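First chain A sits with chain B, and in the next complex the same chain sits with chain C.
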Partner chain A sequence: MTGTRSRYRYVGRPMPVIEDRRFVRGRGRYINDLAMPAMLHLAVVPAPVAHARLLGVDAAEALASPGVVAVLTGADLVEMMEPVPQELALPEVIWYPLAVDKIRYAGEWVAAVVATSRAAAEDAVELVVIDFDELEPLVDPRRAMRPDAALLHEAQGTNVVWNERHTWGDVDGEFASADHVYEYSYRWNRHSGVPLETFGAIAQVDQTGILEIWASHQNPDIQQEAVRVMRTPKVKVHMDIDIGGSYGSKRGRKQMYLTAAAAIRARRPVKFMEDRIENMQAGDGHGPDRYYTVKVAASAEGMVRALDIDVIEDLGAYCGRGPRQITKPTSAVVGPYRIPAVRYGGYGVLTCKTNQVPFRGAGQSPHNFAIERTMDLLARDLGIDRVELRLRNYIQPEQFPYEIPGGAIYDSGNYPGAAELAIKQARFEDLLAEQAEARAAGRLYGIGTAGGIEPGGAAAEHGEGVRIEVDATGHVVATIGFQSAGQAHESMVTQLVCEELGVEIEDVIVQRGHGLGGIYAGAPTGSRMTQMLGTSIYQCAKKVRAKLTAIAAFTLEVEPDEIEIDGTTYRVAADPAKAMTWKQLAKTAYGPRLKNPPGMEPGIVELNVYAGPDIVTKRKLTTGAKQFPTYAFDFHVVVAEVDPDTCEITLRKYLVVHDCGTVLNPLVVDGFVYGGIGHGIGGAMYENFAYDENGQLLAVSFMDYLMPTAAEVPTVELHEQCTPTPLHPYGAKGAAEGAYMTAPAAIASAIEDAVAPLGVRITEVPITPQLIFDSMMAARSNA
Partner chain B sequence: MVEPARFPITLTVNGMPHSVTVEPRRTLLDCLRDDLVYPGTHVGCEHGVCGCCNVIVDGALVRSCLMLAVQADGADVETIEGVGTEDELSPIQEAFCAKHAMQCGYCTPGMVMTLEDLLRGNPQPTEAELVDAVSGNLCRCTGYQQILQAARSVIADNAAKAGQA
Partner chain C sequence: MKPAPFDYHRATDVDDAVAALHAVEDGKAIAGGQSLIALLNLRLARPELLVDLNPLRDLDYIEPTPDGGLVIGAMTRQRAVERSALVRERCPIMFEAMPLVAHAAIRNRGTIGGSLAHADTGSELCTISLAVDARMRVRGQAGDREIKAADFFDGPLTTVLTPDEILTEIVVPPAPARSGAAFAEVSRRRGDFALAGVGGVVGVGEDGTVTHARLSYTSLGPTALRSPHAEESLLGNRLDEATIEKAASVVGEDLSPSDDLHATATFRLHLARALTRRVLHTAAGRAAT
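== the complex of A and B ==
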C-alpha cells in the first residue's frame, strides 16, 4: 500500500464492481436484448468478389418473399443520406453503407433486406441478384501503391490516401555520424478487438418525429454526426445500454446509418444485428495492417541517436477512421527512450479489404512492436545485453516532464525502476540458468523482455462532462454521457462521488444520458476516462461542496470559509457543535428560499465539463495526432519454448510490472492488464485476418480466426509500481491499453530468443508454428 | 416461396413449463432468447466456438446455437436466469463478483454455466480439469486470469467444506 492510497476512503480500494452484479445473472442489457413494438429486422447482401463495377441490383424476387417489407440499395442511400464521414476528407473517396457504383471488397454490403424476422430477411437475401463486372483485386498495398495498379476510387487518381514524412531533430546528421546503422523490416498482420458481441443497432422515428438510435457503439459524437449524415436535427442517440466488448472497435457508423435509413424507409422500427460473418467480413472492425522499415543510428555504446521509421499501412477499401492509427503513435514515437532525432512517415493505401477501426492503442501496439524489436535486434547486432541496452537508453526519472521529438510531453515515469523490478521479480538470473540447462538438452527455450508506453487521456481537449444532482433526501445522481463496454465506469463514478462527497455507495445512482441529454461527452478511447471523467467528477463534486458549504454557512450564521467538511457533515470549524448533516443540507437546498443564501438557485444540480490540462490543450503535434496528458509504462518478462519438431510454441512464464500511477480500483486495473496481455497473445501468436490472392477473407469464423482460450494464456504474475502523474487529482494515468501494446513485442522477444541458436529472427506477427518452420528452413538454407 | 412449416414443442426452462411452435431450423438459442425471452443466454459466434450461449439441457452442458429447438422437445433446460437470485447468488456468481471475473459481461453467462456444470459434477476438479472446462468458452476482456481465480476460490471452498464433513 503506497502513501498516496491511504489518504483516501475509496480510491485505491478493490471496490466490488457494481456492473458485475447484473452481468453474473445475465441481467446486462445489450443491444440484442432490446425490442421495439412492430420492429423489423435487417440482413445484408454481401458482395461475392473483391473488386467489381456494380451494374445493377435486382431485388424483385426478394421483395416478393414472405415477410419482406423493403429492400434498400446504395442508390437509395445516396438519395436519403450524406456519405459516412471519414478521417481524411477526400472528395473522391465516398463511403456509403451499401456499395453504390462499385464493389470494393469481398463481403461489402450491396443491398439490405428488411423483413418481419431476421430469418425472413436472410431467406430473401439469397434471392437478390447482383450484376457486376469483375476488376483486378487489390490485396497487397505494396502493389496497390504502384502507378500501374488498378484504382479503387478512380476519381481520386491514386490508391495512396496518406503520404507524409515528418523529421524532428538532425536525423541525417545523426545517421551520417553514427558508429552503427542498421535497418530492420517488420510485418504486422491484421487482427483486431473482435468482441464476442457483434455490432447491432435499432432505429425508429418516434411520435414527435425524432430519429432515435440505439446501438452497441462507444462514440457519443454519433449524435452530432448523425444530424449531418441523416439531414435532420431531430436525432436522439441513446447511450444507456451495455456493450458486449469494444476495445475501440465498436464504432459502427455505417451500420447505424443503414439501420436509420431502413427505419425511415419502412416507417417502422428496424433492428440490424450483425452475424459473425457480416461482422468479420464487413464490419469495418479490422486493426492495423502494416509493413515497417526501421533504420536505427547508434553509438558504439548502444545509445540510439536516431530512428527513421517508414510505414506502409493497408487501410482497406475506404478511409474510415483508420488513418488515425498511422499518426497516433507519434504521441509516443520514441517509446520510453531518449532518442533525439526521428523521421516518421510512409503511406496509407486503400485496398480491397474491410475498413480499419482505431482499436486498443490505435496503432501504438505495432509501433511499439517495431521499436522494441529494433532494440532487441540492435542489442544482438551490437553484442550488448538486451536489458542493459534498454536501461542505457531509457528516459531517466528525473528528466520529466520530457518532450520527445514531435512535441509530445511525457508527464512522469520511472522506466528503469519498472524494468529492474521486473528483472528482480522474474529472478532473471535463474531464468538464464534454466535456459542454459534447457539449451544443453537441445530444447528451444527463450526469455523475452519488452517495455512500452501507454499514452492516456485521448482527445483531452474535447472535454468530458458529468452532472451531479443531490436530491431533497440526500441521494446522489451522477449522469454521464456515454455508454461502456466493460470498463466499469459506473463503479468509477460511484467510487469517486463517494470519495469526494463522503456519501455511501448505496446512496449513489449512476445514470447514462442520450444525445439530447445535455451532457458533453467524449468516447471512452485512448485510455481516457480515468483521466477525463475522473477529473470532471472531482471538479463537479467541488461545486456541489461549495453550494452545500454556502447553505451551511448561511444557516449556521458564519462565513463559508469558517465551515469545515467532515465526510457528510458540514460544521463550524471553531465550534464543531454547530453543524448540519447531509440530509439537512439537501432538504434545505430544496426548501423555502428564506432558509437559503439570497439569490441562490434552488436545488443541487451541478454540471461540469473538464477540458484537459493546459499542457495538452494548448499544443498540437505536427502530425495532427492528439496530445495525451499522461503516459503509463509497463515492462514484461516472458519465457517461451518452441518444440523443435512441430514448432509449437508454449508460453512458460509471464510476468509484468505495470505503472499507471495511482490505481483507483485494483480489481479493474488488474483486469485491464491481464486482458491486454490475453489480447496481445492473440495478436502475437494466433489472430490473423488473412486474405487470399483474390481478396477473399480467409478468417470468417472462430474456426479460422483463432483467439486464445484459457489453455493458451499462461498465469500472469502482476507487480505494480506507482509513479503518480501531476496532471490528475489522484495521480492516476490511463491503463486499459498498455499491456496489449507491449505484449506482442515481449512474446516475439521470447520466441526469437528460443530459436536464436538456429539463426532465426522474428519480425512478423502472428508468430505461428508455420512462420517459425519457414524461418528455420530459410535460416538453414542461408547457413 | 411458402411459409416454412412449424412444429409444436414443450420444454421446461428453469422449472417453468413452456409450449411453443417453432420452425425446425430454429436453434434452441433463438427459441430461448426470442420466443421465450430468456435474454441472459447470449449470441456470440453462432457456430459453436465461443460458448456465450451455453445452457444446461437435461444435466449436460450444451451450445444452444448448435442445438435445434425441436431437439429440445421435452427437455429440462437451465439458463443463467435460473442460477442464483438477486439476494443469493450462486457461489460461482459470488466469486465472479469478488474477483471481478469479467469486464463487459457478454461471455459471463456462458462462462458461469460452464463452471456450474463442471462443479456440480466434480466439486474439486484439478487445475487441468478446470482449465480444460474454461477453455471451451472465449472471453476477450479478461485474459481468463480473474475467471480462473474465481473458480479456484470456489474449488478451495468446496475442498474446505469436504474436509469439515
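== the complex of A and C ==
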C-alpha cells in the first residue's frame, strides 16, 4: 500500500502518562463522584453467622425508620432477576445478590435497605431482623470435600465443584525411573488485589425506559450479561468513569444487579458504594486460597523429569469466576523449565467464605510459587546450587517456540540470559560473602532467587475493538470499549495512535464508551491490552492510512502505491513537491464528494476488531490446557534478614530483571514491575483474609488486612532484557502481572535461606513473624 | 460505616465540657478523634452526646516544671510532643517512642490526652506514662484530682475516669538520678499497633546496683501494664547479663496477652522477654553515661 515508515517516534519512549495528570491532582472521576437527581442510597444487612438456614427476614421496623424507601430481600430478587451467572455450569449452585434460602458465609448480604442517605440506610439496617437456624460452618476445604461434611448447596450433592486431573507426557514412567522423587506441600493463604476504592454502582431507569448502570467495573461484557440477568434488552452499561484500582477485583456483578433491582423497585436512581467491611467480607473479591502437594521426579544431575501437582482450591460459597484461577496455570504449567511430563489437577471446593475473583495473574502467582519453592527445596535436597539447578533446567533461547506438556506454546524467551544478568547485576558473589560474614556474626541473612513466567493476553480469542475517527480539522478520536483501572490504557492508545498516524499527543482524544457504543471489547485482564488493543490500533490505523492515501492519490492524480507517507504528510514519492498535509486530507474527506475517490464513504471513521493471534484462534489444545499468546519472564534476587530474637523480617535488597519484549512505555511498565513487587511483598509477608473456626472473617479493615506501605517495600533495582515476541506488531508482551507472579516465590526463597541454618523451611505465605517463630520452635523441638 | 445518630456539643472551656458530659447519661469527650471516630463509624461506640474538646486551645502546651520535669496539656497534638526539644531533653523515652505512635498524619491530629484516656493496650503513650510515673490531672463535676499512671488504667479501653471527668494535663516528673530509659516494640508494619512493646527506666546507684526500675508493656494484657516481678528482680543487683536475663524470665508473671490474627499469646510473651532484654541493655548503657 504505502512506502516505508521511519523508526518509531513514540514506541519505547517514556511518554508521560496522560491519566496521571488527573489522578495525582485528585481530578479522577470515580463512581462516588457521580450523583443523579433524587438519588437514593443502599446499605446491606450482613449475615451474622457462616452457615444457616434462612427462615425469614422481618423488615417492618426498618421500613418505618426515617428516610427508608424500600427494603429488598432475596425473595424479591428471585422475582425480579435471573441468578448471577457463574463460571461452571452448576444448575444447583444458585447465586443471588441477597441470600434466598440459606446463609452461606458470615457477612453474606441478606437484605438491602434503600434510603435517602447512606446513614439513614445504615440506621435501618440495624432494625432488620433475620430469623435463621445455624448449621455447621464449612471453613476448611479439606474438611468440606469429605463425604460426611455438611453441604453448602444441598441439591448439588457435593461441595466439590471442580475436579479434574490431566496427565501430559509419561508422568508415571518418569516417576518410576527417576533417580530421586520428593514430595512437598505448600499453603497459599487468601489475599487479593485490594483496591483503595471499594466497589460502587449507580443505576437508574431513564426516560426512555433504558436501565442505565454506572459501576467501577472492569468488564465490558456485563452489558450482555445484564441484559440476560435483568430480563430486558434495554440496558446501557456506562464505561467512562475511572476505577480506583482493580487488577481483577472490580467485577461486582452482584452489586450492580442489586443496585439495578433497587432502582427499579424504588423508581429512583440508587447508589450502592460498598464500605470497607461490605467489600472485604462479601465483595466477592478474594484471591486464590490453596493447598498444594507437589511431587517431583529428578535425575541425579537435578534435571526435573516430571511434576505431579495437586491443588485444593477453597473457592468460597459460590463459584463466581473463581475456578478460572485453577485452570489458567495450565498455560504455563511447567514454568520456565524443560519438564517433559506433568500431571495437574485437584479439587475446587465450596466453603463458607466470600467468592474468589480472578485477580492479577488469575492463579499464576501461587502456581509459580509452588514451582519455584519446589526448585529451591529440590536443590537443597540434592545439594545442588539453587541458581545452577534452574540454569540446567531452563528452556534454552534457541528452543522457541516451545511447546510445553498440554500443548501451550511459549512464543519466545531468554531465561538463562535474564537469570545471568540478574546474578551479575546483583553481584551475587559479594552477596554470598556478605552472607557468610553475617552468619558468622550470628545473623540470619538469606539470599533468594526466583524466575517466573507471565502468560499475557487472556481471552485473546474474544478479540478487541477500537474505532479511530479523524475529524474535519484533523483531530483524532480513538474510542475504546472499556474503562481502565489505572493501567494507563489511554496513554497506550494515544502513544500508538501517534506512532501510527504521525500526529501529536495533543491531537488525540481517547474516549471510553458504553455498552451501546458499538465497540467490541474485552476486559483488561491477563495482561491483555498491549497485545490485543495495541494490535487492534495498529490494524485500525492502517485502515485510516489507506483511506488517506487513497484521497491523496486521487487529489494528486497518482496511484495509491505512488504515495509515500512522511509523518502526517502524504506525498508523491517520485515528486515530493506534490503533497497533501494532514489538515488538507481531513478537510477533503469531509468535503465535496467530487474531491474524493468515487464511491468512497465520506469522513474518516474506521472500526477494527482484532481477532487474536493464530496461535490462539487456529489451534485446538488438549482438554484442560490453556494457551496465552505471549510469555514474559522475570528473575528476582532478594536479600532478607530475620531477627533471631523478634522474628522480624527485613528485605535488605531487591533486584529484578524483567523481560516483556519491547517496552512500549518504560514509565508504565516500570510501574507495573514496582507495583507487582509491592503486591508480591503483600502476599508473601502481610496480607491474609483469615477466617476463624466459626467462619468469621478476621481481617475486615485495613487495621487487620495489612498491605505493605512505602516503609515495607525496599528500593527495587530494575534491569530490562528485551526478547521481542513475534506475535505483536511491536514485539511487546503482556507485562502488568509478572512481578507479582514471581515476587512471593523470591521472597520466600530469601527468607528460607535466612533461617535455613535453623533447619526451617518455608512452605506457606504470608511469612509472618508468627510463622517464623512457630517454625523455629518446631525446628528446635525436632532437633 | 456511618455512625449512629448523636448530639454534638462544642465545648467552650473545660468546665463547660464537664457540665455537658455531666448533663447526659452517655456522653463522650472527643479530642483528636483518631480512635473514637473509627469506633463511632463501626458503631462500636454509640454515645448520645459528643463533647468536642478541640476548641480548648489552653490545653495545648508543653512546659518545664522547676523540679526538672514537665507538664503537657491534654490537647497537645502528638506531633507537637514528637517534635518538642523539651520532651527530648526531659523525657527522652517519650521522645523515642513518639515516632512509633501510628503514622505522622495520625499524630498531627491525635492528642496525648486522647491517647491516654482511650487506654488502648496498644498505646505506646500509656506504656510510657507507666514507665515514667506520670500523673494525670483531671477535672470533673466533683472537682480536680490527680491520678498516678499506675492507678489510671483499669482494663480494656477503660480508665478510672468517671463519665464526667476530663483529663486536662499530664505531669511528667524528672527522671531519677543516674537513670537511663528506652522503649522498643515489634509491629507488623511501621505504624501498626505493636505486637509487643516495652518501656524501661533504670536508675543505678554509685555502687552500680539498680536503685530504680520501671518496666511497662504494650499489647501484653488488657491495658498497659507494669511488671512488678521484673522490676523487683532488678533492684539491688548490678545490670549484668544474669540480672537482665532474670528480669526477662519473670515478666510473664505479670503479663496476660491474648491471641489475635497477628500473634499468639505465646509469641507475644516471647517478644516481651526479648524486648525486655533489649530495653534493659539500652537503658543500662544510657544510665551509665
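Note that in this section the second predicted complex is superposed on the first by the 770 of 783 C-alpha atoms of A that agree within 3 Å, B and C clash if a C-alpha of one lies under 4 Å from a C-alpha of the other, contacts with A are read in each partner's own complex, and residues count from 1 in each chain.
Operating definition for what follows: a contact is a pair of C-beta atoms (placed from the backbone, for glycine too) under 8 Å apart; a residue touches a chain by one contact, two chains touch by 3 or more.
Remember, predicted model here, so these are calculated numbers, not experimental data.
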item: Which superposed partner A:Arg276 touches (first chain B, second chain C, both, neither); value: both
item: Contacts of A:Gly759 with chain B and chain C, given as first, second, both or neither; value: neither
item: Partner chain(s) touched by A:Pro401 [first = chain B, second = chain C, both, neither]; value: neither
item: Partner chain in contact with A:Ala119 - chain B first, chain C second, else both or neither; value: both
item: Chain B versus chain C as contact partner of A:Phe773, first or second or both or neither; value: second
item: First (chain B), second (chain C), both or neither touched by A:Pro597; value: neither
item: Touching partner for A:Gly675 - first (chain B), second (chain C), both, neither; value: first
item: Greater chain A contact set [chain C / chain B]; value: B
item: Which of chain B and chain C A:Val716 touches, first, second, both or neither; value: first
item: Contacts of A:Ala690 with chain B and chain C, given as first, second, both or neither; value: second
item: Residues on chain A lying within both footprints (that of chain B and that of chain C); value: 119, 123, 275-276, 703, 709, 711-712
item: Residues on chain C engaged by chain A in the complex (per definition of touch); value: 1-5, 42-43, 186, 188-193, 195, 260-264, 267, 270-271, 274-275, 277-278
item: Sites on chain B touched by chain A in the complex; value: 1-3, 23, 25-26, 33, 38-47, 49-50, 52, 79-81, 83-84, 86, 89, 93, 96-109, 112, 131-132, 134-148
item: Interfacial residue positions of chain A with respect to chain B in the complex; value: 16-17, 19-30, 32-33, 64-66, 119, 123, 193-197, 242-247, 273, 275-276, 485-488, 667-668, 670-672, 674-679, 681, 701-703, 707, 709-713, 715-716
item: Chain A - residues contacting chain C, complex; value: 118-119, 122-123, 126, 275-277, 645-648, 686, 688, 690, 698-699, 703-704, 706, 708-709, 711-712, 768-770, 773-774
